[in-house]
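First chain written, first letter: the chains are A, B, C, D, E and F, and each begins at residue 1.
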Amino acid sequence: MSITPEQPVIPKLKYNAILNVLAKGQHIDKRPLNTYRSISIKTNVVPNAEGSALVSIGSTQVLAGVKLDVGQPYADTPNEGVLIVNAEFLPAASPTFEPGPPDENAIELARVIDRSLREPKVVALDKLAIVPGKKVWIVWVDIYVMDHDGNLLDASMLAAMAALASARIPRVVSVDPNTGDVMIDRETREDRLPINKYVCTVTVAKIGSYLVVDPNLEEEAVASARLAISVAEDGSIVGMQKMGMGYFTEDEVKKAVGLAIGVAPSLIAAIKSAVQP
Amino acid sequence: MGSSSEKPQLIIDGKRIDGRAFDELRPIEMEVGVLKNADGSAIVAFGNTRVLAAVYGPREVMPKHVALADRAVIRCRYRMLSFSAEERKSPAPSRREIELSKVIREALEPAIMSELFPRTTIDIFIEVLNADGGTRTTGITAAALALADAGVPMRDLVAGVAVGKVDGKLVLDINKVEDMYGEADMPVAAMPSLGRITLLQLNGVLTHEEFVEALALALKGIRKIYELQKEALRKKYVTTEEA
Amino acid sequence: MSITPEQPVIPKLKYNAILNVLAKGQHIDKRPLNTYRSISIKTNVVPNAEGSALVSIGSTQVLAGVKLDVGQPYADTPNEGVLIVNAEFLPAASPTFEPGPPDENAIELARVIDRSLREPKVVALDKLAIVPGKKVWIVWVDIYVMDHDGNLLDASMLAAMAALASARIPRVVSVDPNTGDVMIDRETREDRLPINKYVCTVTVAKIGSYLVVDPNLEEEAVASARLAISVAEDGSIVGMQKMGMGYFTEDEVKKAVGLAIGVAPSLIAAIKSAVQP
Amino acid sequence: MGSSSEKPQLIIDGKRIDGRAFDELRPIEMEVGVLKNADGSAIVAFGNTRVLAAVYGPREVMPKHVALADRAVIRCRYRMLSFSAEERKSPAPSRREIELSKVIREALEPAIMSELFPRTTIDIFIEVLNADGGTRTTGITAAALALADAGVPMRDLVAGVAVGKVDGKLVLDINKVEDMYGEADMPVAAMPSLGRITLLQLNGVLTHEEFVEALALALKGIRKIYELQKEALRKKYVTTEEA
Amino acid sequence: MSITPEQPVIPKLKYNAILNVLAKGQHIDKRPLNTYRSISIKTNVVPNAEGSALVSIGSTQVLAGVKLDVGQPYADTPNEGVLIVNAEFLPAASPTFEPGPPDENAIELARVIDRSLREPKVVALDKLAIVPGKKVWIVWVDIYVMDHDGNLLDASMLAAMAALASARIPRVVSVDPNTGDVMIDRETREDRLPINKYVCTVTVAKIGSYLVVDPNLEEEAVASARLAISVAEDGSIVGMQKMGMGYFTEDEVKKAVGLAIGVAPSLIAAIKSAVQP
Amino acid sequence: MGSSSEKPQLIIDGKRIDGRAFDELRPIEMEVGVLKNADGSAIVAFGNTRVLAAVYGPREVMPKHVALADRAVIRCRYRMLSFSAEERKSPAPSRREIELSKVIREALEPAIMSELFPRTTIDIFIEVLNADGGTRTTGITAAALALADAGVPMRDLVAGVAVGKVDGKLVLDINKVEDMYGEADMPVAAMPSLGRITLLQLNGVLTHEEFVEALALALKGIRKIYELQKEALRKKYVTTEEA
């Protein structure tokens, strides 16, 4: 069962104060409404992962790792690798997060990222067959939210994208032609995981009647709804998700999409520069 | 949107695979008050997609600590019956069902005047009886009827439909085959008389222009569905065959 | 742990009023003690299921569906299909049902139906081998209680039996002689699932010292115990289950069995007429 | 009752596979008070079937919301230890164990004067140490002893036994082989001195006449077991070898 | 999450009384500090198990059983059998035990026993291959605590060791050379499970500043910490685990180890005499 | 300690496989206060083993019945992130993680003045970011820093390290390869200035004499780590490269 979450109580006075700042075209931390907090992307921070990235947007911190396993393809795509995305909100990340299996928020986040990677074919899964029809690379993307100061989705997408783009494939030592058994050497990593294109998400929050990108935790608490727009480097829209208990008008949706398309190139540039060979 | 070597041609002579025009809804059936015990209930069918929604509440919350001081909590569960799809579905809740339960709840929350019933719960159960595309939007449409049938005060009904892109064309109310082989699936729900969009997802790839057009097409379909909902609440049963 | 359920509190006055009606040889809804409420059986209501039936007994509504999968036989019956019965009480069906996995009542109901189908060999499992010893049909029977107004077991059994008897088997497109891999075409359904015989259950409730068939919800609330008797079309007894916190004397058991054998033919006739080709 | 190509002959020269007459019980052992911590406990063996029952209570209920205002709740768990059967049993509760926990609870409820202890719980744990047929009825027989050992007020003891149909004959107290290859298994439990049947299940096929005869046979066996129970409560330990 | 358990409240007066007894070199039940309560080991108590033992130390009772299955070896030990140890604290054993899956205490106990069996190679797993690389014996050791009067670990280890040493291997009827399928006959048990050496654990409790072996339940309640030392018959230390919320000094650890090595031979002798052929 | 046909030589020319002396620690990094939300946090690395610890509390306990009247409860969870080891780890808690959560809690309990905060909880989360041997002792070392960072009153810090036996030699702070192919792994944690051992496990085989020597070696390493901890709390960041 999905259940209405408990909302922090925001005093009217404080709410109005926030609206007053937004009215000036600024986030409560003074940056313009259509800009992000400072972004840091560090790749290859986990030696045991085939790819990894630690991303921060302001105080929000997310760690993503990529593990590659040899496994069986799906029956309907016998010659393609398999992509699996999971996300967990660590209880370290916020006093409100409980230990335990991912809740609906973590599952939604993972599924939005999964679709935003899958639909535009970000990972060239068709190049990840080892023994066509039998053995392919399984690409596990695991995302851990370490510190929550708002906009977890965009930070998680940056981390997932950077971990994938910096991942290297273990060496295939041998393939048994009869059984199809594959031996790999995890210590020796060779080619980069093949990436077709870069994608990011841009989350637009609606606070009062204002639309702002990259809301921080305090802003999220007063936002009535959020719209996440996934944008590919060619400017196409490759995913969308309305979140939260409020609504958007048709006009607001169009404005939010415009904002996202405007700011996406800077996010994609940040990923690319972090994963330069 | 899965890749497959045997993708059928989805548009032939300007018609869709089931003969519909691009902006044509499937035959729709709505029946209100189908269960004795539930406070409100409805079955809605869009073509072969058939969904039951049942509502209990406002009623006491158990466990009590879940209750909110200033409003009713809405609890919502979306489920596929195990035989509703081509492959048998395991009864354990899938990640997809957990996500959809959330986005459906968030699609209905803006319409329900939950502030009138603090410390209570309104429980919404959506059971997909047969799945042929568009189950979440059919479920939202049925849930809005069930809520109204239960007498829950609402700002407006909520109606939903999915727009797809198939063989390069934007089409209304996609079915399973169009979903599976198409380029995009965009479910939308809205409170039609208030112009408020309460659910919006996109699974697939669209250009900026296509997106704007797709959104308009969805809202056009939603307004038609809304008229049927109002009629169903008056008549308790309605189909587009009759209409 | 099985735990004593909370019982609805029935005022003494009301209880006595019910007994007074029963003393006249009538259920509280006026039908004779040994007759059922009106029964409706609609088959093929779920296009994606290989067989399905929506059954109502009075206001009680149950939906059963049959799905057929290709799978492996049990080791001790290598040339037989596999039958699996599950039941779920939907939270829509009653204000007292909670969402979640089946509780002991749903599990007991499914197991009583399973045994009542299995012991008299209702489904001709021996005709459901595809590649003997390797690949057989798995017959999934899933039962969903949609509206609870008493006597869920008999309604569920009618639904299961009608769904099975109306099910059609998907076409087998090809069998790989080496691997035993089987391809099926679910869109084309051919023969009926082979049925050896028809079975129903008759639930007899004990209220005070009265024995009544097909108790409705109000009657179940005042019954001290129930005895479900499974009866095949040849009049044999093919299952039995005492339920509830009370007891039966030896005489009461014999009377209940007599009642069941008397009323069963009408139930079996109802199924048969609903599944006529 | 499973079908098998290698069904052994179960009746030879008018005797059963283990040499018993049709209406003969297996050797029975009963020991009361086998555990230090439990308020009451007993081990009962019917041949190679050996079951431990332990009782705690009446005691405080946790969580409290489970408590009933007018009576004790009975909580009952039936379990097979993982090595008790031929194939190792996974420790996760099986659907069979969940069902049996319920029918065993309902077999004991009518005997326990739970109305004397409102807002408390009486917990009954039944652990099958070795399974050779008839574990649920052996468990009920042991649980009744454990309840009495715990000093829980009862209307009567409860005793149980299974009647089977093997090679066309009705036989008392079937063992595993008779259960597996027989035509029917009918476990029965009763409060013997009151003539009240509290458990009755049939797994298999019987004619009307056979059923009546089988029930009488079960009740006859139950009365014998009842005598052993009473003796065991006096002596704390008894076997039919001694008797 | 592991969480601080609720501790029984021990009145200061009682605590001091216990210390006074210990000061005299005696347990509260009068035996010397370095001796065990009376030990009983009965083997082959469960006919359906390949090996079994019912052990009591004072009023503590533990039942262990060994089941042997045919299964696949681990990839890194293709020619060795597999050993799996589980433990459950039955709710019958103590008013404080709850029904449900093993808690952290039961898991810790099973893992300490597992390591104490595995590290010194107690079971000759290298003799348990049936079809090398493909089919081996899986040795399941299941431990059930039936009555809890303290020192569950030592009683469980005795039971596990005695059940293993008295276990007999089912007859292998046939091995299919092509498929590697193995048929066994459970009714006929042949050779003993091969045992390389015998091991026991000795648990030393720290009460005040006293170190005692084999604490009973009352003593465990006042012990600040326990140290379990696994000792093989050759006197080597083959495992160790500090348990409880207190600490040991370096000196205390050394004394505890000395105690354990001193008392272990008598425990191992008890096992051996119980499993004589 | 697993057996393998390809055990590498672990001691070459009196040096270990990574060039260290027998009693040499790996390069150590400690950083305190790495998270914004947690009340206290630290990352500690011993070579390639890198562990995050975060502390919340003392804070209100939910559910309340877990609270203790005379002290804070300590709740502790040790976890391996799924990509932290060579093979991907399933996110479901393993039996190993459950055991380690317990022994780590019991290693920290003696140091925390929990009697000062009755009816509250102190929550400790230990996340292994990358595993190369010694994760539990690295985790304890990090948790002690996080507790101090959170301002939780402590009797002493707790530091930990594992001693191993490889190719017959006792060595300090074993890494993954030494653990896997060595003869013994003995993790130890202590409150160094008080001489109190709070964690002691042995996985492997040692003679009595070796054990005494191994314990002394561990305590020697712990004292070095303790100095680094104190420095890190002063400086918020320290590495042995700098030191």
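Methods note: a contact is a pair of C-beta atoms (placed from the backbone, for glycine too) under 8 Å apart; a residue touches a chain by one contact, two chains touch by 3 or more.
Computed from a predicted structure; not experimentally measured.
Student: Any chance you could name the chains that touch chain A and chain E both?
Tutor: F
Student: Along the shortest chain of touching chains, how many steps lie between chain B and chain E?
Tutor: The least step count works out to 3.
Student: So which chain is the furthest away from chain B, centre to centre on CA atoms?
Tutor: E
Student: Which pair, B-C or C-D, has more C-beta contacts?
Tutor: Per the contact counts, C-D leads.
Student: How far is the middle of chain A from the middle of chain D, if each middle is the mean of its Cα atoms, in Å?
Tutor: 57
Student: Per the centroid of Cα atoms for each chain, what is the distance between chain A and chain B, given in Å?
Tutor: Here chain A and chain B have centroids separated by 27 Å.
Student: Between chain A and chain C, what is the gap in Å from one C-alpha centre to the other?
Tutor: 48
Student: Express in whole angstrom the distance between the two chain centres, defined as the mean CA positions of chain D and chain E.
Tutor: 31
Student: What parts of chain B, by residue number, touch at least two of the other chains?
Tutor: Only 77, 123 qualify.
Student: On chain A, where are the residues touching two or more other chains?
Tutor: 1, 99
Student: Name the ring's chains in order, please, starting from chain B and stepping to chain C first.
Tutor: Sequence of chains in the ring starting at chain B, next chain C: B, C, D, E, F, A.
Student: Chain A touches which residues of chain F in the complex?
Tutor: These residues of chain F touch chain A: 35-38, 41, 48, 50, 52, 54, 56, 59, 77, 81-88, 91-92, 123, 125, 127, 129-132.
Student: Any idea which chain A residues touch chain F in the complex?
Tutor: These residues of chain A touch chain F: 45-49, 52, 59, 61, 63, 65-67, 69, 86, 88, 90-95, 99, 101, 140, 142, 144, 146-149, 186.
Student: Quick one: which bits of chain B touch chain A in the complex? Just the residue numbers, please.
Tutor: Chain B residues touching chain A: 1-4, 66, 68, 71-77, 95-96, 98-99, 101-106, 109-110, 114, 123, 184, 186, 190-191, 195-208, 211-212, 215-216, 219.
Student: Where on chain A is chain B touching in the complex?
Tutor: The contact residues of chain A facing chain B are 1-4, 6, 76-77, 80, 104-105, 107-108, 110-111, 115, 119-120, 227, 230, 232, 235-250, 253-254, 257, 261.
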